[in-house]
């Protein structure tokens, strides 16, 4: 228990690159030290060719401007399996169709926004009209789908219909990286699919893509998870491991959710070890901080390291 | 803008009942004032016979000991529609089968817990063996289900199979209160349903209960929502309103999620007004505090008021 | 490690008093269970005649309407030593002079408020004019003070000048309960004292009341601390123990500050054990929740118990 | 209200420097956008020669490894006035005397740590023996002080006694940048000063440095504040402005404290506008994130920009 690893105060120099900064934080405590540790673990996880890489995407990361980072990770082969909320995929389609989000303010009269038909996501605005264009696009895509289709396949078809190379759905389609979205009903994709099937055949079985999902765990020699926020993506990624006798070998959480409220979103990765979802010797760390700040740093730092090899 | 409503400092007396306490907080600021306001809104919502009452249940509320409160609200006619995470329903089944949760500690060696086959949920423990009993029970229930079934119907059948009057699922079955669980795959109910259907017919269409869900909005003259935590239950309840030209007339959030991280879980109810999910004249309030504390207070206070009429 | 204390789901009944509610939460996990535990510890601490009772008051508890609770605890003999931020004392003087705070809104144009000369504290408003009355009052009080005076004595003199029985400062004066306020400069009391001493003798030595403060630790057989929020009051109360070979025997924190940011405000009471500030066998608990909700519950429940003996 | 500033999703490239990263986040929402805005404001503030630069230092930033950043800002002329908690200065002295902090773990048996005489600050350890060396050093410094001394002068003398160029206190001494610490009693510097004056003359008047502090406001044409955390440093810096008819022209907060609990630490900078502490046209932003991550980024980015001019 005797400490032997002195805190090395960070030195900041002009022009330092992001990885230099992360290395400068490596000797620090609190969030700084955890972020540096997350970069080390992520680098090791990406370099481990035997590890299947899971990525959990919750929170409004796409509206906040994080989609190019995610699609870039897919294209670079750093994501083997993506589990997302429906909302992030809906907003990815909007951006892919050239329908941007806008910078706004969280201090605003929301009734006035409603009158102007602008929807707010904290300090990001979306014109409500965008969703009409979303509907038009989906109504063009649905008819090409099989009558019986899984959620994963449905998202694959939507990805095929898009052309924007920065699209998460498109990158996933091109790179054959499966996207799972257990609560697809809980999104505008789901709303429009339901409206469409009022008059057209479209049967989406809840469990149709589950074999494929579970096989990813069984077929993995080792595995790692990068979890952005909590919610269904985190739970679903961790839960799948319960069917195996294995646990994640690498696990990183970037979140602002806290353990004290007891929900799974804020649960520590140690808690996940009690369940066997994360292996007892796993390399794991949680960085409690805004993921729109920490994810770009993590990706910039680790990308530099991988290239410099 | 000139203020005219003085803060009335709370007076606490020995033996005061919960509603007295809430009334004593009514003149206070911050969380105290918001909690009192939530009670007023909830009382008005429950007294509004024209209002359909939605209840969103996220977080690990059942493991924490909140299930009797929820099943009691169902039995009292205070919940017309329940939207839940799968986990809360899984843990409701455990308790209903006489498989309790246990008080534990969040400061513990999780690898040691794993060796002892105890799963941790913050400071609550669940013996892993309980889940074997869960599986046995579900395997007895699944064969009685129709080959084609909706998630709502599946939960109804599970409720029918239980006898514990404090069970959320049982109360929902007896009182014919529908439970929706969009991400059923993301739970042990889902895992076992998937395992069962490997060798048995069981087709669960994602959208099979969506008509029934949406009709609840269209058939409502007015509507109110009590949202415990965020996640899929919150989003799904608010999203349904988008298909109508209405908005919720009453909305209460009990949560520890914050707006600053931008996710839907922590979004303010004002933000929901920009989307039209909550009506511009709605009575709405968010109480930022641990829901295992605020939900019991809310229910105790409002139950007293309803009886005293 | 085998669990043997089952979670007992809370039962809520109409008309239950606050202590009934707390007892109903005693079998629950998360915040509910911690709040019940806090009540048990607080009851035991108040019943322990050998224990000196410290009370730390940070956050804007007085503007929020919590002053009667604190002055009531002083009058009931439940606080032996009060350590407060300056701001809580400033706002106590305002209320004591009949200058109320007002309920307002946190969603407001603050520049408009400024033009109307209204100061905002989250959702509480204070007319700026009130502070002119504060100044007048203090200027009447300062001349009666000794030229050399400690902070503790200064606050005692202010308490003497007030007549409102609900005043914290007045109750402290009448009951001879010392109030310590290490950062008195960091408040309007300090600002006005400084202005006054530009032309009048008023010497306030930083350490003049330190002997008295430290003696309280040495003269205590046992000791307990109820900490509302963090800040200087928490640190100062815990720090004093470092001069002794003892530690607090009882410690309760009601706070929304979290450990992850590393500051003392959010530090766990276990962390305080590593320093010896809290004794290794202390009864201690932190309730992570809005103190404007949990403090009234704690006081109501424990007051009932003490009277029922 | 019509939005016209599209979100520009961040592009991350290998080897990008920190300022590139910040510029890439400039088109994003949530914390990413706010951090980029903070860098813009900080750059403008540092380039404004007419602005007096205040720096508020709360939280355990020095134990976490942030001291070189603060001393560097002093040496670069980017801090004109420092207001700190006592604890940060205590830990600065430790490091300056070659007594390091150590990386530890927040998941640990604190009673075991106590037996090993190791004090914990979240995941940072301090051997208790270090404080004996602190005492020795202070006992060598106190005799050189005037019998009547202000807190600011006392800290100046301590800075003079240190030789470590990375020391905040030393840098402040060399660069003649005043450090104010209103709650000096609430620190080990205070404890030892009190012990010393039991047998030696040492009179520290609370208000002795207040004129000097307030003059800084009156002598400023314009002013800016960078606030790390809340507590006394934030309140004291903002409060000083109340004596003038001015308000801060620039204000940046890096904090994890939230507005909802109502305390001053988490109060928004807009709230400060209602009081007139921040001017109505001020450039201001709060970044809700761990300051051990955001402060290094802010400093690295702005330092690059200043050099590149």
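To keep things simple, chains are lettered A, B, C and D as they appear, and every chain counts its residues starting from 1.
Criterion: a contact is a pair of C-beta atoms (placed from the backbone, for glycine too) under 8 Å apart; a residue touches a chain by one contact, two chains touch by 3 or more.
This structure is a prediction, so every number in the text was calculated from the model and none was measured.
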Outermost chain relative to chain B, judged by CA means, is D
Please state whether B-D or A-B has more C-beta contact pairs across its interface.
A-B
Let me have the rounded angstrom distance from the C-alpha centre of chain A over to the C-alpha centre of chain D, please.
34
Whole-Å gap separating chain A and chain B, where each centre is the average of the chain's CA atoms
26
Chain centres from averaged Cα atoms put chain B and chain D apart, in whole Å, by 43
So which bits of chain D are touching at least two other chains?
29-31, 60, 63-64, 107, 113, 118, 121-124, 258, 260-262, 270, 288, 290, 292
Touch graph across the chains, line, ring, star, complete or other?
complete
Chain A to chain D touching residues, read off their complex:
1-21, 24-25, 27-33, 35, 60, 63-69, 72, 95, 100-104, 107-108, 112-113, 116, 118, 121-125, 127, 166, 270, 287-290, 292-294, 296-297, 299-300, 303-304, 306-307
Which of the residues in chain D come into contact with chain C in the complex?
58-60, 63-64, 87, 106, 110-111, 113-114, 118-124, 128, 151, 182-188, 190-191, 193-194, 197, 202-207, 210-211, 214, 229, 231-232, 235-236, 239, 242-243, 256-265, 267, 270-276, 280, 290-292
In the complex of these two chains, what residues of chain C are touching chain A?
29-31, 107, 258, 260-262, 288
